[in-house]
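Note that chain A is present in both complexes that follow, paired respectively with chain B and with chain C.
Moving on to the complex of A and B:
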């Protein structure tokens, strides 16, 4: 019996390009950028005023109904909205992306035993909730009038997205919730592949959802100093000499990952093989990557080795590429050391940094390499930086046929994950 | 008979409401003590649930206070202690770190500078100048779910595999991930730490109003799980860590062996008894002792006992460590891994604290401490939404 391999048979996405995987794929294939002024709240006074924001004013029941393709009971979405459960945009994004991936893979009753591995971002607090609990100079949460309908926290707890996806699609397998910050999405997909390889699952719905395009998210990130201070659509310029920070994005990407022979037996279309994956830790500093990129390199190297490949087999690297000074230099060193002049890009200039969902949306972008023979470009990359001596694909995608692509995600404090995808045979 | 996915435990450490070392906690468990007391963290006099089991000590002073709050600091402390005690030779890239994190708790107090100046500004047009600009630059880092993980990896130089998982079965998830990393030779030692506190205003509010938590006015009035009058859990908190190594690497350093599983069944509240029984079935190897999920609801307790009887037999011994420690959320599985091993090594099983009138049903809820010659036991845990965890512990 051959080794079990995990393959991707369905994908769904919600991004600044719009709802649906096609919107993302078409936007990237056209070399566009979807970063623009924040519309969902009044950010005029914030230092950060642009984002990779999903183009809709409000998430809620109507949004879910419109894009459902899932087994919502009559009135269910409205009930969730009434209970305040849909204000956290990542809940809606995750649900819609999951439904699209499920539909795309033509999953049905035979797949209901599927497991779920999902990366999620921070629990979302809402200013209006907090204001209700404000009593003089104290936050009062308690019994009676101070309770709120279900309690403040339970309207947006960290695993709410997972619970709703599981309930709506009717999955009955195991669940893993990854919260390794910006590495969470990549880790969720890697974990799904690991389950498949070990025989712990045959089908896994996996991916990530996040949104920090709200006053707390943008405000907190601004205080941290991570976003670019330039309030313009070209604010994020990965690997460009003039880069000065990231742009916050939001959205979700979900995949149906299943055991290869099972997928083939049911006639599912295979979009990619998850050929390798690995995680490492920097063990360096909380707020900066290891400057020599050695642990990022180790993650990439291990992913390649696990796939029984050589670095030269990898034809494209989808970089974490945040557009910050420190990340891009360290990552470029690692890529150069392992892969030499391999074509590399970051889509964060086009869709923003989706935080916990970054790894997932970037893996979705990687599928372009197999479905259209296109390697996504690096929006707003114009001036190469001598400190990032790698082959950065410019703003336009590169038409090239490659067999293997690798995607990096690096989280706060140096949690690294690399996922290697292969062209299906 | 042993379980295929088991790994050796070579070091451990914990912080619980009953103490900071396993021997002390076991002694108090055997004495039938309960940690429940009037909420020590904040004034809960208006809450439906006014009692809690809290860790009496405070985290040690550390430079990490600027990034991590109380429970995360406890998690980091026990992680470092467990590794130091293990004698594990693995370092750097061969040392993995796996964190189970119960769930994010909003830090309302840090938001005060933002909130108190917003009154009357409905569109929040002054939100930056009047509020957010006053936030501490690291405010967001307090919120990060993996901050304790990241900083501990730095302190310990752990450069191998690692992940942070979340949810009320996070400890079991982290154990499971660590066991896989060891089994596939990705690391030579895996430090697993988990921490959680249910003693937070929003959590207590929800648990209290839903009836899941006790409404007893005094500790003496609490009715134990598996009692015919059981009426809700006691919210608790804990941090715990174990170092896992492959049995052949651990050799004589192995103090116990552990396997783990986690699942979810889609329930909005607690997982079904069937999910718990399924986990028990996956891990069990002729075990006759189980530390139950102990949800302290006559209906749930009865259903759990019936389901477990189908796996373990009707006369299996039923424990409920959380009757003493309080419910420990995402930290439960790691705490069970430590305390069940301590009990097996001592040859003594603790009673279900406060159990006066066991409900009629299968399994044998332990009313009094008793000696045991068993070398293995199962531990189950259940949390919302529909999350279940399990560990199997075996001593040499």
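Moving on to the complex of A and C:
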């Protein structure tokens, strides 16, 4: 019996390009950028005023009902909205992307035993709720009368998106919620592949959802100094000499990942093989990546080794490429050291940094390499940086046929993950 | 996951509870001395107290985790090769200090109402710029990893029970697959954060008698060891159906699932000790008869003994079970956990020694 391999048979996405995987794929294939002024809240006085924002003002029941496929019960979405469950935008994004992936893979009753491995961002804090409890210089929240009324108050629960996806799709397998900051999406997909490989699951719905396009999310990132200070659509310019920070994005990407022979037996279309994956830790600083990129390099090296490949077999690297000074230099060093001149790009200039969902949306972007023989471009990249001596694909995608692509995600706190996808045979 | 042979050796443990920071010895405290009532634990003093960045940088759970990681590493004498040690933790919700949140909100008010415009202009500047790190719950894993130089494979799982079990399973998988030879695994959390307390109240857990606590536990596991404290024989998950929209499975359904799950995890072989880690009264009610049905000589309810420290509770229960085996010279223990992130979790542990 051959080794069990994990393959991707369905994908769904919600991004700044719009709802649906096609919106993402078409936007990237056209070399567009979807970063623009924040519309979902009035950010005029905020230090950061642009984002890769999903083009809708408000998430709610009507959004979910419009993007069907998840077998909502009558009145269910409205009840969730009334209870405050949909205030956190990532809940809707995750549900819609999961439903699309499930439908895309033509999953049915036989797949409902699937497990769920999902990367999720932080709880959304609701400042207006907290303000209601302000008493002098103290916020009075706690047990008993201080708990507030029924429903979601003060913050959404971290695993709310997972709970709703599990219920709505009707999954009966186990659930893992990765909270590894910006590495969470890649880790969730790697985990799904690992479950398949070792026989812990046959089908896994996996991916990630996040939105920090809210006052505390945008404000908190601004206080850290991570976003670009420029309120322009070109604010994020990964690997460009003039880069000055990231742009916050939001959205979700979900995949159906299953054991290859099972997928083939049911006639599912295979979009990619998850050939390798690995995680490492920088163990360096809370506020900065390891400057020599050595642990990022170790993650990439191990993912290649796990796939029984050589670095030269990898034809494209989808970089974490945040557009910050420190990340891009360290990552470029690591990519150069392992892969030399391999074509590399970051889609964060086009859709923003989706935080916990970054790795997932970027793996979705990587599928273009196999479905359209296109390597996504790096929006707003114009002036190469001598400190990033790698082959950066410019704003337009590169038409090229490759067999293996590698995607990096590195999280605040030093968590690194590399996932290697292969062209299906 | 069932491990081959005896299983994976556990060579050191460290816990932080209301009884303080300790290596082995939790069983004696539970059985003989008693554990003090759950209370707010003392977070360690920063090395440079005058540096506000140190005080504000991390959540309490991140500090707890760092403490037990350090304790387990010292106990295991893992001083070398830390670049390749893995770290897998179950973590809880964000733990931002409320005084920081209050400063932000207070500076954003206009005539008694929250003003978004003022929040952008003045509110954000009123809180510590490093406040964001308190909010990021993966720092419950990363803070300790950074301080201790653990640079191997890793993952942080949000846990309302099962996530911490996933951390243990992934640590075991990392070792058996050769991704690393040694790993720290555990959980750290606080149920005493005001927003978490409000959530537990609204979800009904406090009314049902849940005793909120805070704590942390870390176990050092490895591919081989000569005289370990014990072995992880199996880590098993049993998803349990629940009505759509329900927070937890029905008690009867959970009870019906628990017996076959326990027998399956134990492979129909006996165990001497059962440690239960139920989150909330319905889960406790579902599991309470299990030790008698399994004819275990001793059973302990970890959540009753130590309080409910959410993501930390399963890991504390594993340490308690290992410790009971050593303390009472017993051979085999089953730890059964059930939390609102669904699913029964079963860990089978055996006593180590030469």
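Just a few scattered comments:
Operating definition for what follows: the second predicted complex is superposed on the first by the 412 of 425 C-alpha atoms of A that agree within 3 Å, B and C clash if a C-alpha of one lies under 4 Å from a C-alpha of the other, contacts with A are read in each partner's own complex, and residues count from 1 in each chain.
The rule is short, and it goes like this: contacts are C-beta pairs under 8 Å (C-beta built on N, C-alpha and C of every residue); 3 or more make two chains touch, one makes a residue touch a chain.
The structure presented is a predicted model; accordingly, all values stated were derived computationally and were not measured.
Taken together through their common chain A, the two structures put chain B and chain C in a clash. Of the two partner chains placed by superposition, A:229 touches none, neither chain B nor chain C. Contacts of A:73 after superposition on the shared chain: chain C is touched, whereas chain B is not.
Legend: residue contacts after superposition of the two complexes on their common chain; A:280 is shown touching both chain B and chain C. Of the two partner chains, both chain B and chain C are touched by A:159.
In the superposed model, A:45 makes contact with both chain B and chain C. Once the two complexes are laid over each other on the shared chain, residue contacts for A:178 go to chain B and to chain C alike. Shared interface residues of chain A (contacting chain B in one complex, chain C in the other): 41-42, 44-47, 120, 122-123, 125, 127, 130-131, 134, 137, 139, 141-144, 146-147, 150-151, 153-154, 157-159, 163, 166-167, 172-181, 187, 191, 194, 198, 215-216, 219-225, 278-286, 295, 298, 302, 411-415. Interface residues of chain C facing chain A in the complex, by the touch rule stated above, are 1, 57-58, 82-83, 87, 91, 93-94, 96, 98, 101-106, 108-109, 113-114, 116-121, 123-125, 127, 129-133, 135-139, 141-143, 145-146, 148-160, 162-163, 166, 170, 173, 177, 179, 194-195, 197-202, 206, 212, 237, 239, 241, 244-245, 341-343. Contact residues on chain B toward chain A in their complex (touch as defined above): 44, 46-48, 67, 92-93, 97, 101, 103-106, 108-109, 111-112, 114-116, 118, 123-129, 131-133, 135-141, 143-147, 149-151, 153-154, 156-167, 170, 173, 177, 180, 186, 200-203, 205-206, 208-209, 262-266, 268, 385-387.
Interface residues of chain A facing chain C in the complex, by the touch rule stated above, are 41-47, 73, 76, 120, 122-123, 125, 127-128, 130-131, 134, 137-139, 141-144, 146-148, 150-151, 153-155, 157-159, 163, 166-167, 172-181, 184, 187, 191, 194, 198, 200, 215-216, 219-225, 278-286, 295, 298, 302, 411-415. Only residues 41-42, 44-47, 116, 120, 122-123, 125, 127, 130-131, 133-134, 137, 139, 141-144, 146-147, 150-154, 157-159, 162-163, 166-167, 170-181, 187, 191, 194, 198, 215-216, 219-225, 278-287, 295, 298, 302, 411-415 of chain A touch chain B when the two sit together in their complex.
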